[in-house]
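The two complexes that follow have chain A in common; it is paired with chain B in the first and with chain C in the second.
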Partner chain A sequence: MSASIVRSCAFAQQMTLMTLRTCATSVYHVSKRNYDQYRMKYLREMYKRRLEVGPEKERRRSEWINWNYDSEIFAFGKRLGEEFNETTIKQAFIHSSYVEKERAKRAELGLNLKDLTFDLEDNSELAEKGADLISNYVKVYLRNMYPYFFEEGICAIHNYLVSESMLSHIAKHIGCGDLILSEDFPVLPSTLSQTFKAVVGAVLKDRGQEKAETFVRDFVLPQLISKDINELWEVVNPMGLLTAVLALIGKGPPEPRLLWKSGANTIMALYWVGIYSDKQLVAKSPGETVTIAEEMAAREALKKLMKTEDSRSPLILGRMADNLKLDYKKVNMSAAEVLKNYYSQLKKQNTASA
Partner chain B sequence: MTKNLIPQDFLKNVLQNGVGRYVCQLQRITFRFCKSHGASRHMRDFIENHLLGFSQKNPGVAVYLQPRRHRAPSIVAEYLNGYREVLFLSDKQPSEICKWTEHLRTRSGVQIVKMINNIHTETPSTQGIWHPFMFTDTEWAVTKFPNKKLSSVLKTGKTATDIILDEQTEALTEGVKHCQINNK
Partner chain C sequence: MAHSRVTQWATMTRTWWIYDANYQCPFKTAYRLLPYLQGLNKPVYHSDSDVGDHVVVFNTKHIAMRGDFWRTFKHFHHTKFAGGFSRASAWRVHEMDPTRILERAVYSCLAGVETRKMMMKRLHLYPEEDVPEKILENVTGQIRQVQIVPKKLTDYSQEEIDKFPKLFEYPEDYDVEGYKRENRQEPDQHTSMKWRLK
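And now, the complex of A and B:
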């Protein structure tokens, strides 16, 4: 030990001499005289051990030291520009599984639940109210935006918007993921979507119907942008529906006509079919066979009649929708009913003529 | 080869942000620094003088301070889409730290990659897109080719050849007249 100290002292003296000698030439430069061979071995060993142990366990965000639930809740409200009552918004993040777990924990500790005030309430009630509001408002808004679209189509868009995957996607991107108190981890999409509904319920409870509807309009309805709404509703027999609709508005039956064709009998065959009614072109569409082109043209004609063409005006959202007046009692026509009426009338005519 | 290796993506708008209302995508920011080390000197200065203003202006961002002994100062930004970015800011002036904080705040959390141009519109024109049949007569679908009527040359006014020929004949007639006058 003493020998090593002596050696190190001698080394230090040598170093000071060396530095004194060199400082005249360069003051800051310290040359590096090793190749880090031990560091290399150390890193290789650590790499090997990491492979043996496997990847790090995924942890809840709340397990880290930089986590304050109260400030996170505060930031959540401010981020969305909503002023929540703290107890309401905290309740919106409590899932029923968490409450059950807490109960079980207390029972395990031997505490009598009757003596203690157990004031944890889960978000199921808020979620129920929120879900009702989302569902109602989305339907009302769509009916007002697309007044000629059939009710089946409105329902299809509504189902797409309130689906679990869509609501969980929205919930994740407004920052619900880390705040949720639930048993499951990583948080399930069903839990996320329920939390989003509960947040809407919390807005409804704290700030009223109008604000909650604005919330839905700002976060749920913009997801329709760049989505083809006609694709969401699958029409099985477009030509049948088109016939019924044309009869309903007092026009002649549809007549498909071949407009142009190119490359017949090749793999690049192309047919354009137009649909006429009373010698007026309603719509036209291309296809790789005549039947496909005809069906597509019928779909195109339906789009035109329902006023949901690709070139329709964009949805009224954001600030432009501040003074939007919606008719809450509006009812759109049902395609099933139109078809039923048309074919029953046809039947009557046939029997009368026979 | 390199074209495929460099990550590239279309321009993205997470959750159609800003269509309804704007939501700041930075959800929390942690400033890590040492209380005594010189490298953290400016970070400490920033925390003393600028941090309060930042948190007051952006109440939607949760701010944390994390002192760590003898470690380089850094900022950790966490975004709503789950992305986490760490910036090491040793010996950086407070003004520069302010700029980096602002940079992290205004980002969407989508990783910065090479942009691919997305030729796309949400509202297509009422005329529809152009196709080879756009201005062709529908009569052609039922005509049999070769067709005499359609094969004939379309004549619309005078051609360049016609104009030159006309000019030539005019010059000739004028020349003849001139000669006749001279002869007289």
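And now, the complex of A and C:
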């Protein structure tokens, strides 16, 4: 509001300037015959009052008169290209707080709830089913896309994708915010995320599992685009894990070597460290100090072995994923298990030699 | 720790180069050093951004000028006071400061470049070979010289000199040892009176 007033003030000033300027060539120009001397004062006053009163109260979209819930619900499905059963999708937007509020309202009016048929049902059941499907499908998809990535990493990406903040972000941007029926306003992230799960549950109920999985693939998984998946999983000791993995695939232990350095005595010192195994370069990385460069090179080597390098091919999404054959029973290797096996074997060897 | 952070660090790093100015033309050398100082060899180069490398130049006392340039090439200066103009020929300037000729050559090459003063700070000039150890530790690359270092008469052994076919005899009054003496006879019309040798 205040911004628009400022803008109109500027506009008024511009108009005055325009009238002062001679404009002989323009045929359609109509000169102004007044200087509008009270307009500025009026706008100033309005601006002052707005500052005193404060900003406009935030209201639900449904509080305005041109709101048709049924047509909005219909448009929601059409926008996403999904055919919903109207009762199912309506149920997906009903939060439990809204049901309780309705119940309380009726009790206040003195109605006996036992006598009346109270057919409002909240979305918790749909959300539960939807959450299961999202969680399952995201894991299956990621395991098939990154078959050499460790299970811990897959879980880390999964947790990032199904987190409350991520799901609420998606729900907000596909337009669930205005449609949700709940007590809290502005709508809480938890409510938004539950609604998104319920919408997936609704797709599952109305259109079947395949369509629901496509829905998840179209709206949840693209959030990984331009995200570095290796950063989602924090490896505490990359060199230790690298040693274990190299031993597992029958290669020699990793050997870090300094490849190049520059400006060693300056604050902008740079070191390149390469990691060799069996005299073959596995990976190299720069760093501000030798220790950092070595650690980063170990991470790079792990990325190479897990086939999640920066140069990896993009995720198969959209129409290209229509004919995707996913192995639902696939389970990736666990880093913890690899480490456990390696160190127990090492212990055995040590005791045997001693 | 993000890998993108260290790759960024590697992109923005400044490499240290070394250049031997022994028997090198200062003007050709200046053009050779420019791309390194400006960072023209980097994919992130932009004329407004300061992404150049460091260049360490040693043996600037032993640069070589072609033709009669030591005598005729002049450096000018004006103090902005009346009668403040002065000029000095290259050999006189070189005598006063053995890094000055190369420094001015590079500086004038960078005319019109906004970041010229920043680049000049990254040019480290040393008259002799005794570059400090701390500076040498930073260096990782070498810049190719602009011309081949000639072999001097003193570099040949007496045996080789004697073996060389002698085509004629010097006249008896010819000053054979002249090149060994310091030249104090030079009238040096190119230098202001103030800077001339007394």
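Methods note: the second predicted complex is superposed on the first by the 309 of 354 C-alpha atoms of A that agree within 3 Å, B and C clash if a C-alpha of one lies under 4 Å from a C-alpha of the other, contacts with A are read in each partner's own complex, and residues count from 1 in each chain.
One rule holds in what follows: a contact is a pair of C-beta atoms (placed from the backbone, for glycine too) under 8 Å apart; a residue touches a chain by one contact, two chains touch by 3 or more.
Keep in mind it's a predicted model, so treat the numbers as computed, not measured.
**Q** On the superposed three-chain arrangement, identify whether chain B or chain C touches more chain A residues.
**A** Here the partner covering more residues of chain A is B.
**Q** For A:K205, using the defined touch cut-off, is the partner it touches chain B, chain C, both, or neither? Pick first, second, both or neither.
**A** neither
**Q** Where does A:L258 make contact in the superposed view: on chain B (first), on chain C (second), on both, or on neither?
**A** Only chain B; A:L258 stays clear of chain C.
**Q** Between chain B (first) and chain C (second), which, if any, makes contact with A:W272: first, second, both or neither?
**A** Both chain B and chain C are touched by A:W272.
**Q** So, does A:I170 touch the first partner chain B, the second partner chain C, both, or neither?
**A** So A:I170 only meets chain B here.
**Q** Of the partners chain B and chain C, which touch A:P286 in the superposed model: first, second, both, neither?
**A** Both partners, chain B and chain C.
**Q** Taking the superposition on A as described, I'd like to know which of chain B and chain C A:R79 touches: first, second, both or neither.
**A** Touch partner of A:R79: chain B, not chain C.
**Q** Go through the superposed model and pick first if A:D228 touches only chain B, second if only chain C, both, or neither.
**A** In the superposition, A:D228 contacts chain C only.
**Q** Figure out whether A:K197 sits in contact with chain B (first) or chain C (second), or with both, or with neither.
**A** neither
**Q** List the residues of chain A that touch chain B in one complex and chain C in the other.
**A** 260-262, 272, 286, 310.
**Q** Which residues of chain C touch chain A in their complex?
**A** Chain C reaches chain A through residues 1-4, 6-7, 9-10, 12-16, 54, 134-135, 137-138, 140.
**Q** With touch defined as at the start, can you tell me which chain A residues reach chain B in the complex?
**A** 65-66, 68, 71-72, 74-76, 78-81, 169-170, 172-175, 177-178, 217-219, 221-223, 225-226, 257-262, 272, 274, 286, 309-314, 317-318
**Q** Residues of chain A touching chain C in their complex?
**A** 228, 230-231, 260-266, 268, 270, 272, 285-288, 292-293, 295-296, 299-300, 303, 310
**Q** Across the complex, what residues on chain B touch chain A?
**A** The contact residues of chain B facing chain A are 14-16, 19-21, 23-24, 27-28, 30, 59-62, 64, 66, 80-82, 122-126, 128, 131-133, 136, 138, 140-142.
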